[in-house]
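Here the structure is laid out as structure tokens; the discussion comes afterwards.
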Amino acid sequence: MANNTLPHQLAHQAATQPKRIALRHKHLGIWHEQRWQALRGEIGQLVDILDGFGFKRGDTLVLLTHPRREALLLSLAAQWLGGIAAPLDPTLEEDTLALLLTHLKPAFAFAEEQQQVDQVLANSRPDVRIIYAEARGLSAYSQMTLHHYQRLLQDTPAAARAPLAEADQSAFALYRVNGERHVQVEHFRHGELLEEGRHLVFAERLGRNEEAFAARVFATSGHLRYLLSPWLTAGFTLNFPESIVTRDADRRELGPTLVVGTRDTYQRLESLVRARLPVPDSLLGRFITYALRPDGTLLQRLLGYWLVKRPLRDVIGFSRIRVPLLIGPALPAESLHFFKNLDIHIRTWDKIANWRTLSTTTSRHVPSGQDAAADDIKRVS
Amino acid sequence: MEFFLEVLIGGLLAGLMYSLVAIGFVLIYKASGVFNFAQGAMVLFAALTFVSLLERGVPFWGAFAVTLLSMLMLAWAIERMVLRPLVNRPPITLFMATLGLSYIIEGLAQTLWGAQVHGLDLGISDEPFEVAGLLLSQFDLFAAGTAGLLVLALSLLFNKTRVGISLRAVADDQLAALSIGIKLQKVWMIVWAVAGFVGLVAGLLWGARLGVQFSLSLIVLKALPVLIIGGFTSIGGAIVGGLIIGASEKLAEVYLGPVIGGGIENWFPYVLALLFLLVRPAGIFGERAIERV
Amino acid sequence: MAGAPLLELQHISLSFKGVKAVTDISFTVQQGEICALIGPNGAGKSSLLNVINGVYPPDEGMVGFNGNSYRKMQSHQAAVQGIARTFQNIALFKGMSVLDNVLTGRNLKVKSSWLEQTFHIGRAASDIAKQRQKAEEVIDFLRINQWRNSIVGTLPYGLQKRVELGRALASEPRLLLLDEPMAGMNSEEKAEMSGFILDTQRELGTTVVLIEHDIGVVMGLSDHVVVLDYGRKVGDGTPDEVRRNPEVIAAYLGTSH
Amino acid sequence: MLYRESGQFSTSYLAEGRLFKLYQQRWGFYALLAFAFLAVPYLGNDYWFSAILIPFLVLSLAGLGLNLLTGYAGQISLGSAAFMAVGAFAAYNFQLRIDGMPLLLGFFFGGVTAALVGVVFGLPSLRIKGFYLLVSTLAAQFVVTWVLTQFGWFSNYNSSGVISAPPLVILGHDFSSPAGRYLLTLGVAAALFWFAHNIVHSELGRRWMAVRDMDTAAAVIGIPILQTKLLAFAISSFILGIAGALWAFAYLGTVEPHGFDLSRSFQILFIIIIGGMGSILGNFLGAAFIVLLPILLSNLSATFLAGVVDPGQLENLQKIIFGALIIFFLIKEPAGLARLWQAFRERSRIWPLRF
């Protein structure tokens, strides 16, 4: 299928459901919504902008940022032109990032704010084109190759051209440094990603009414396969929190129906809840233990549902959850049990990663600890 | 002219009676920063206790001693149950607490001794007598003398005794006083007890004049404008304020009353105090704190 | 940094109850610079800030701001002219939320009357949204989003300092007076606050006059340093000039650091 | 707690600023309003209307008036009852002297008159602060009572200074039955509470709180202090004035100036201390407390202490209990009953978690 690419999918959604909400992000205290049509319009502008920078088929756009809508849109714009998006996790250690950036030598990059801009500038070719989202602290920078995202958009008229991407092209490239400090890469082709996404959409019966929550950057294969791709395939709404520190409150406000989390995501939530539940020995604590006993009487189960499970699910923002997905390493049985007790049945989805090491002359598959763990994962489908 | 002088002197003497109530107020404000609305209730409590004991056949000094003892207990209870838990709270909170306190003390006094009016005879004749052609009230002179004695006694207490010196230290700077080992709670209790004693004296004099009854607690309202004019922190100010209020109130009643209608002594002191405030926002003797920002 | 100075103090003297706090001080602050006032405790630095924005009237001297000269600036007038400040002992509205505190900083920008706001008529709706957005931008600028609805009295000291800066910034000031913005902070917090101050100057073009004791911070941050000692000016120049000034070294750098 | 918050989020600042952000709260509130307006008039009896509900509503309203001034703007006042008196007597005179003056308009003008008087006695607030300001409000208390008793014109030369309610007719409907007076009071109170709520959540409310929390800083950021304080006095007195008119006409029927004496001012101050300063809800809680506690006490003593305690003693006992409660609240919960409710709400929002 020639049109089996992420940009084509986006164009398709914009054409078939232009007025539905594609993206929602919290900014300056309220949620801002963007419809598919407007989304496509903005990406059209970005395509022109990247094209104007000389971004060509096969070029790589490096993205160094926390989860933001701008990064997502720019990735799609880069792919639109037949390029590759390479998201890097900004929470990585300084020298790891430096190693990755030195290796990548980006010609085009998106950096969230001053800190990331500095990191890119320090480790890239001098003529790197950088688009940044937050202008704070950057006005004193004299580089002509620095561009503010919003200002670029303002200066660019709306345009629409057909996507140049092809199904067997790479859409994303994920880079990492392994234990021996070698840079490794994994490529994801459009067709592959969409295939995986469709698989999930079908199996979990995801529809256009889902509200997905993206608190993590799209820097793992799982997020690409099981969040980004289904979003474009099923055409639901993708939601971004205001910031990483407000994600719990934001999730509660939003009440997502689809969450794609890693082991860390769920374990953090679990420990947060455990730390804040009443002490088991206290009166309330004993009541909660009593009410949550799975083999309880009808009364027990009623109490447990109305006084513990239901409110607790709401507090952690899981009251509307339909599809809680786990990607990457498996969750300990205890944690799975903890969530199951709250009627949150976490499903595991993953595919063994296919990392290629780049820093050495020969490319080879290097199974890492993470991959080994991934081997044990039962496919639930 | 003679009439004017008579009114003036009568007013000045009556003003000293206001000062008596105001002094108790100043003591407490100086030492603990509390704007004590319950001072009037304390006056009522003292007078009512005293007169009820007297009526039950307790001799004068016995009644005086027992009443003083009860004021001491009251001070102890207030320090324990009101001041201590409210330490470091904003002054406005403490003020409102004293509103509550005045309710408790009034309620308590009337529960114990009933609400009827008691006559109190201190054995001082209220017959006016003539001095240099002016008719003066003997009772007023006696009250003025008492007020003078009280001020003398208080200044001795403040300036010559250890307790007085630590009291002044607390008034100047609570933190510094604490740091040199002065026990704040003890000082507070003493001050409230002394204020209780002042209240007892005021209660006896006012009770003898008006009869001992609930309205006695309302003389706190008379003391307020006195304090405003004299400042919250100066005993001398309380005296001067009392004189000013007493004199001008009487003069206004006599000369202004017929023009705009009687019964103006209820509000006249307040309007006067307000006018004073607009000119000098911290009273005559009050210090204006420089606001550090 | 050419052109007329934004702020000009001419022969300012000030005393409290006969005690001289500040004696005959003159200096100018250029548009867009960060000017630091340094000097030992009691040198009259805070008093000077209080003169500039009208909390204290000077006994003598004139304050020139933005081309106009004032014998005595009223606090309200100073705010209207675009002078905002923070205080040494944090003067936030402790019973209000962070957002409300920042919003009060915008009180001069509010266009609709209280009746319009109360009955949601006229300009109220757009005005409320506009002020809120501007306040939110400041909150975002200072990274205090997650405490938006917290009552400021419950926040830690360092954050309160940030909120106070936010309230000052919300008024979109031309001149920002900061009285010891980094007092009582650890080095990490100081670096963060320095970053905010630098960004304020660079991104928003605000002129800053600040009082700070940490000489390292002052030298790194400011374009211009004025040194006070016992209410007199003993040094005035770039950080390097001041560092080399023997009188300054004797009066301040040599003694207390 | 039992209702879900998830999925309710704001996409505009207007929606963010609304009173009840959750639809469950909104519907709960509408249900409560409907119950108060539609069901209570049929369910209640005359005792409930006249002895409990009407005084409760009027006192809530008076508490609201004082709360705006003291709880929000930080200006303590002991003259609330004076402004109620002004409102009552002004409304009476507007009704009496202008033919065909509609009842509610008369109330409104009563409130406006009280507001003007409030501004006069608020004027000193620029120069004097804190306790010194008490003098101004006490002056209002004494001057107003004196003027109203001294000059017969205000009470239409009634020999004892008493004024009586005009016919309570609005648009041809007679509201003089107990249920009618209840509805009249409820309607006015609902409108004024809505008004006050909007104010305290607007720029003006923020200015009040800024002046309350630290007026030096408020001046430095450009808040016009005098105007802000005077508006607090005016709006507070406006509401107190209308509360006074309701007290006179919907609750008592007849009233004399001494019905608005200093102890009434104290009562209103106690309402906001117990209910919660700086809280809209607190006025209801405090008023309910003040109205119900005496009834509860007399019922209790009638049941358990019948014959032991005479009514005079009961009054003293009541005084002691009130005083003790004031102190108790100031010590334990300075923000009043409203704070307890708020704490409960906050806890139940995160239930079953602890924080």
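Letters A, B, C and D name the chains as they come in the text, with residue numbers starting at 1 for each one.
As a working rule, contacts are C-beta pairs under 8 Å (C-beta built on N, C-alpha and C of every residue); 3 or more make two chains touch, one makes a residue touch a chain.
In this text, all values refer to a predicted model and were calculated from it rather than measured experimentally.
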item: Touch-network distance, chain A to chain B, counted in steps; value: 2
item: Maximum centroid distance from chain D, chain identifier (CA atoms); value: A
item: Contact-richer chain pair (by C-beta pairs counted) among C-D and A-D; value: C-D
item: Separation of chain A from chain C, taking each centre as the mean of its C-alpha atoms, in whole Å; value: 41
item: Whole-Å gap separating chain A and chain D, where each centre is the average of the chain's CA atoms; value: 53
item: Separation of chain B from chain C, taking each centre as the mean of its C-alpha atoms, in whole Å; value: 47
item: Touching two or more other chains - residues of chain D; value: 12-13, 16, 216-217
item: Residues within chain B bordering two or more other chains; value: 293
item: Sequence positions of chain C contacting 2 or more other chains; value: 55, 87, 91, 132-133
item: Contact footprint of chain C on chain D as seen in their complex; value: 12-14, 16-17, 195, 198-199, 202-204, 206-207, 209-210, 212-214, 216-225, 231, 278
item: Interface residues, chain D side, partner chain B - complex; value: 76, 124, 127-132, 134-136, 138-139, 142-143, 145-146, 149-151, 216-217, 262, 266, 269-270, 273, 312-313, 316-320, 322-327, 330-331, 334
item: Residues on chain C engaged by chain A in the complex (per definition of touch); value: 99, 132-133, 136-137, 139-141, 145-146, 148, 195, 198-199, 202-203
item: Touching residues (chain side chain D, partner chain A) in the complex; value: 1-2, 4-13, 15-16, 349-355
item: Residue ranges of chain A in contact with chain D within the complex; value: 29-33, 211, 252-255, 273, 276-278, 284, 288, 306-308, 310-312, 314-315, 317-320
